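Here come two complexes built around chain A, the first alongside chain B, the second alongside chain C.
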Partner chain A sequence: MQTTPSSADLDLQADNLRRAAIDKSVKGPVLFLFLNGAFWLMASTILGVLAAIKLVSPSFLGDCQFLQFGRLQPTHINALVYGWGIQAGLGVMLWIMARRSGQELKGGKSLLYVAGVFWNIAVTLGLLGILLGGSTSMQWLEMPRFVWPILLGSFLVFAWPMAVMFGKAFRPEGFMVSTWYILGACFWFPWIFLTANVCLHCIPSLGALAAGINAWYVHGVIFLFFTPVAIGSAYYFIPKITGRPIASAELAKLGFWGLAVLAGWTGMQTYMGGPLPSWMPSIGALTGTLLLIPVGVVGLNHHLTTLGSHSLVATSPTLRFTFLGSLLLPITGVIFALLSNYSTGVNLQFTHAGYGFQIIAIYGFFSMCVFGAIYYIVPRLAGCEWLSVRLIRNHFWFSTYGIGAIVVTSLVAGLQQGGDLNNPEMWDQDFMQLALNSRPYMVARAISWALITWSNVWFLIHLMLMVAGLGRRSSAPTLLHSAHDDTPHAAHA
Partner chain B sequence: MSATSPSFQPDSTDLDRLHSAVKREKVDQQAGREPVPMLVIFLGVIVAVLAGGQLGVMTGGWSFKTSNPFHFAAAPDPRPKGLDDGGGADPFQTAMKKGASGYAVCGGCHQGNGNGIPGQFPPLAGSEWVLGGTERLVRVAQHGLVGAVTVKGQGFNTPGGMQPFGAAMSAGDLANVLTYVRNTWGNEGTMITKEMVEKVRGEEKRAQQWTEADLKPFADKNVPGDIPAGPGATAAAAPAPAAK
Partner chain C sequence: MSNFRTFILGLVASFGLPWLCLIVIPVLKYQALQPVAYDKDTDGVEGYYPPAPVHGQGQIVYLREGCSQCHTQMIRPSQIALDGWHKGWGQDQEARPAAPVRSNTLYDYLGEHYAPLGIVRSGPDLANYGWRAPERGIIHQKLFAPRSQHDWSNMPAFKSLYIVRKAQGPVSDKALKLTGKAAPEAGYEVVPTAEAEALVDYLLSLKKDYPVPGVSAAVAAAPAPAKK
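Our next item is the complex of A and B:
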């Protein structure tokens, strides 16, 4: 070096080195989770196409028993939840927790690989088990019962170092919002997963209550795992890209504790009017509606943080995906409130609308935030930049339109289906006719999943090239928009 | 943190090459101190009120024995009421409706228009076998019919005859189909009820098909039994009464 750098420069460079060292320490496990997650995501979307076609034309694929709707649909959803959602979520959690806490992953890396491999083996066996007819018929827990201890163990192996990192971190007031959520998810998922599996698999003859516990589990995974991970990711990346602080620490606190307190009470409203003591669905309806508060507050906080930086949404892939994800959060909350409360829930209950809600929660809100995170994290770990703007744009728009179409058509189909079934004037219509009426919506669903599959094939290939180190060798990030060439690129990454 | 150790002495050339992405990151800042906006509190209260509405009567008094909070809001029954009991669907209309779908079994031979196929399958429309004694009609459907038969003056002798299709149906389904056959394509006849079919089934356990000669004694006999009051009770099927 020609000149002695000033001490501020030295500090900055030391900080850069420190962050680079953290990235290096988590590189292997995080990329492993992302890559496998992307693979399962593609598998899930392909199964989604097949299942949707099966709904329209039951004779499609012949009468092979392994490929009937009753087996394809749970395989599709389980691949989405366990193969993609939780796996990719763990990757994002690990990276953000390490970065935010300023802690390198010390030791135990091989254990993380083992846990990751076991997680994927368990998911593979579980999904094959469903296709071969070993489904337990419990929503989101269809995989044969031997897989759940493996999944739980693998999850805990990942959750442990994250909790340790949080414990060791220097935690200045107002800096740790994203890691609250991630730490919460580390504890909440094992809690609901263990409770649901022990109740449903180990306690015999629960009767109708088992269905209630099952519904509680599904909503627990959505609101106590997917939601906090995605919110945590958005709280990390929005300030990181815009360079502005989180707008309000007060709102952040309110949103976090609101979610933490309310989310565990939801679920049983799925069976409103059903054979459960009626206060149980009633509590679910209460908290399902109240969740609008934390969800709205978080959405507002993200909005206030992004305000004034909307040009970055056009250029930064991370911010674009995260922005869409955090926009879909309040929408998910509204759809959930519509499904949960008694006035609209009676018509939407047990219809296609439930599927629409699950898809917007997992694929709309959660996955968009995770995609944003992946577009940020992977270049730092792989040491190269994303290859193609076109592929990222293709991924964004096909996913957006696909998900939008699935959710809207599912909701409309559900409203029509439920309204007709509940309409007293329709007493002489048979059920089959009402089911056939939703056929056009199912055609739309098949087409939408096909669009999403298209985007995911390219996402997977793009990610594989990055992980293989075949990305662009450049110090400039891959940005979506070249119109603002006058602004320095470095400001957008 | 670890910047003090000699191995972490910054080397900007290496950093440029390897960690450009890390270098361009923005510095984290402390979260803002904005208070919760008044509007959020206001909207929160509205949501809380709406949410509170999900409790109240919906909890069923917090009892473990109440499972359906909807019972107190019974809507009036929109179905057309029968003339007899003032509740439930009209039995004749129900039988006709269900019989129409059950007729798919018969329609393969006797055709959708009930005219059969000349020389092969006898007609049902206007057939004396259908409109005559119910005893004979039930038996044909229940046990089958074989050999030469004469229907509406035409002779038929289908190889194999008619199989005992009715034996595979429930008594109610068979009764509905027969009621439908007796009241469609211009036919008008009394209802055949589930109890009538059960009565014939109880009396006759034969395994082989009937012949025309065997059935002669039943040609004009009706199975005894109550017919629900209403359009199907008489020969003429009156239009369904309007909903009350």
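Our next item is the complex of A and C:
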């Protein structure tokens, strides 16, 4: 079809207007989620510092019962998972779903605010509940049992409009892999969350099986919520910034269905060699290792899409964070495979390596992709540009080094601990040597979380200024690159 | 819209299968589990396996304080780990036992609402702690002031489970025998609360290596459950 320049201009203008209308329709809820998420992220990193110090010096902060390691650590993780992860994830999901499906959010916006407020109240009550002595000790479900229905209801309020948008925009011939992942996350999380909570809180006395279900839940949230949201976001933003289509639709499909088919089976290998019927951890170990296929395929696809545009990684904050996130995805997969299979897994079982895996999954791979998305989305919603390149760079490098240090030290600590536990020479020793051997790693963990806290305090302030509309008034996006910039990425480009 | 329906069906099927096989069916089957009676002739023991569930009130305190962040309750089989050979991790408290402590089965946790199998082993495994536990006073001392027993212990001091009160009249027989830094100032004594007593009851009830009915190897390895 022949189009005249003027009609192309008109098309572009209409397109921009349509985008602006979509942005406007989701602006409030999305910014609300991001801002609260960033607050919880900061809170969680501070708690991470305290918890790591507590493992070295239990009398730090006195012997206050509310701040003992057994309560502080779950509070730290729950703030990271529910306060930051799922909340910020919902914001990214809502925006991408609206944009990608070309649908404005029709009505129900006040309901979304209510759900958002309830989510945050529930998280606050839940975390206080843990600190005040209501912890259930079920991993990632430590919050007192009255909290989960509120969380589930709030989540569903957000998931419903996304499902409607997806349904309206579904075209048989179109291929929209990012919305596939996001719809998947909308659909899997409530199912997993409901199943786990009903099994653990409502069915009495499941004993060791309850522990298995708990482990299944943790890995379900990682692989069927955090992973799809982050991959969906990367599939949206990498082509957007590089201006190239996704390298291979076939790989994208393979990656999606591979994840969908495998991830539901995994998790129980946490208790390999334990009381569960042995096929359950075995199938978890098998699928946990096979997950390398979808994870590798997605990583390859992202790599092929970015190929040739690496200079943009140096300039675009969004691409830089997303690039790092999608680089960490295969690394997360490899660490998970190491933890899952019986030959290396038994050495890393019940060690700090498991924490390293959870942190690289949530803060490493998921959060980096979400930061990338936030750096793209917020200027479009707030109507102003990010104030400071230095703050973004500060956020990137402190987070990168912090997360790298936490993950590496956790893995090495895991090797050390696992080696000590399985060292025949230590069969008749008490645990003091093991405790002493892991002390340096805990000190490193505290320092790393402190670095990350530093970056997130500034991220929160930066985000608050943006939401308040105090950003730069400019039509030019904030880019990281300048001529005399000698960050390693610039050199690499 | 058929394609949309296929997509949703694909999602339901791909996740529904593991959900059904891994969660729903095992949960239904688990609820039918009952304690198994020992056979006097083959097992040489009378009664039921497991003999009794753990102390529930104390487990609530254990869960509340997040003990499972650092303590596991799960002995792994000796072909994959050395847990079973670790001194004092089973019923036998003496030197290296002739056979490793058996690994745990589903039945060991029967009657527990949630089995705190544990997250990280920053402290020793507690699956069979009841056998190696010292007398109550020493466990209380460990909970109140861990560093009075080990200089570098990374265990938190659960001071809130104890009451420091002015000693009146003769010293309470419940009072902790503390010395050195951990001791209260003169004229004061430290007594456990009901919660601390429940927690200790729970710890003493952790004996998850009773012989499994019909497993002769385990019977040969483990002596009959003694009364303690």
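Of note:
Methods note: the second predicted complex is superposed on the first by the 473 of 493 C-alpha atoms of A that agree within 3 Å, B and C clash if a C-alpha of one lies under 4 Å from a C-alpha of the other, contacts with A are read in each partner's own complex, and residues count from 1 in each chain.
One rule holds for everything that comes next: a residue touches a chain if its C-beta (ideal position, glycine included) is under 8 Å from a C-beta of that chain, and two chains touch if they have at least 3 such contacts.
None of the values given here were measured: they were computed from a predicted structure.
Of the two partner chains placed around the shared chain by superposition, neither chain B nor chain C is touched by A:Ala8. Within the superposed three-chain model, A:Ser475 lies in touch with chain B and out of touch with chain C [touch as defined at top]. In the superposition on chain A, A:Asp428 contacts both chain B and chain C.
In the superposition on chain A, A:Ile213 contacts chain C only, with no contact to chain B. Of the two partner chains placed around the shared chain by superposition, chain C is the only one that A:Leu224 touches, whereas chain B remains out of contact. By the document's definition of touching, of the two partners only chain B reaches A:Glu250; chain C does not. With both structures placed on the common chain, the touch criterion links A:Leu276 to chain B and to chain C. Looking at the shared chain after the overlay, A:Thr195 reaches chain C, while chain B stays out of its contact range. Overlaid on A, the two complexes show chain B and chain C touching the same residues of chain A, namely 172, 272-277, 283, 342, 346, 424, 427-428. For chain A in complex with chain C, the residues that touch the partner chain are 54-56, 58-59, 63, 65, 68-71, 73-74, 133-139, 142, 167, 170, 172, 180, 183-184, 187-188, 191, 195, 199-200, 203-214, 216, 224, 257, 260-261, 264-265, 268, 271-277, 280, 283, 342, 346, 349-352, 354-355, 417, 421-424, 427-432, 434-436, 438-439. Residues 1, 5, 10-11, 13-21, 23, 102, 172-175, 177, 239-241, 243-252, 254, 272-279, 281-283, 285-290, 292-293, 296-297, 300, 304, 340-342, 346, 379-380, 383, 385, 424-425, 427-428, 474-477, 490, 493 of chain A touch chain B in their complex. Residues 1-3, 8, 10, 12, 15-37, 40, 43-44, 47-48, 50-55, 58-60, 62-70, 75, 77-79, 97 of chain B touch chain A in their complex.
Across the complex, chain A is touched by residues 1-4, 7, 10-11, 14-15, 17-19, 22-23, 26-27, 30-31, 62-70, 72, 74, 76-77, 80-83, 85-87, 95-96, 103-106, 108-124, 146-147, 150, 152-160 of chain C.
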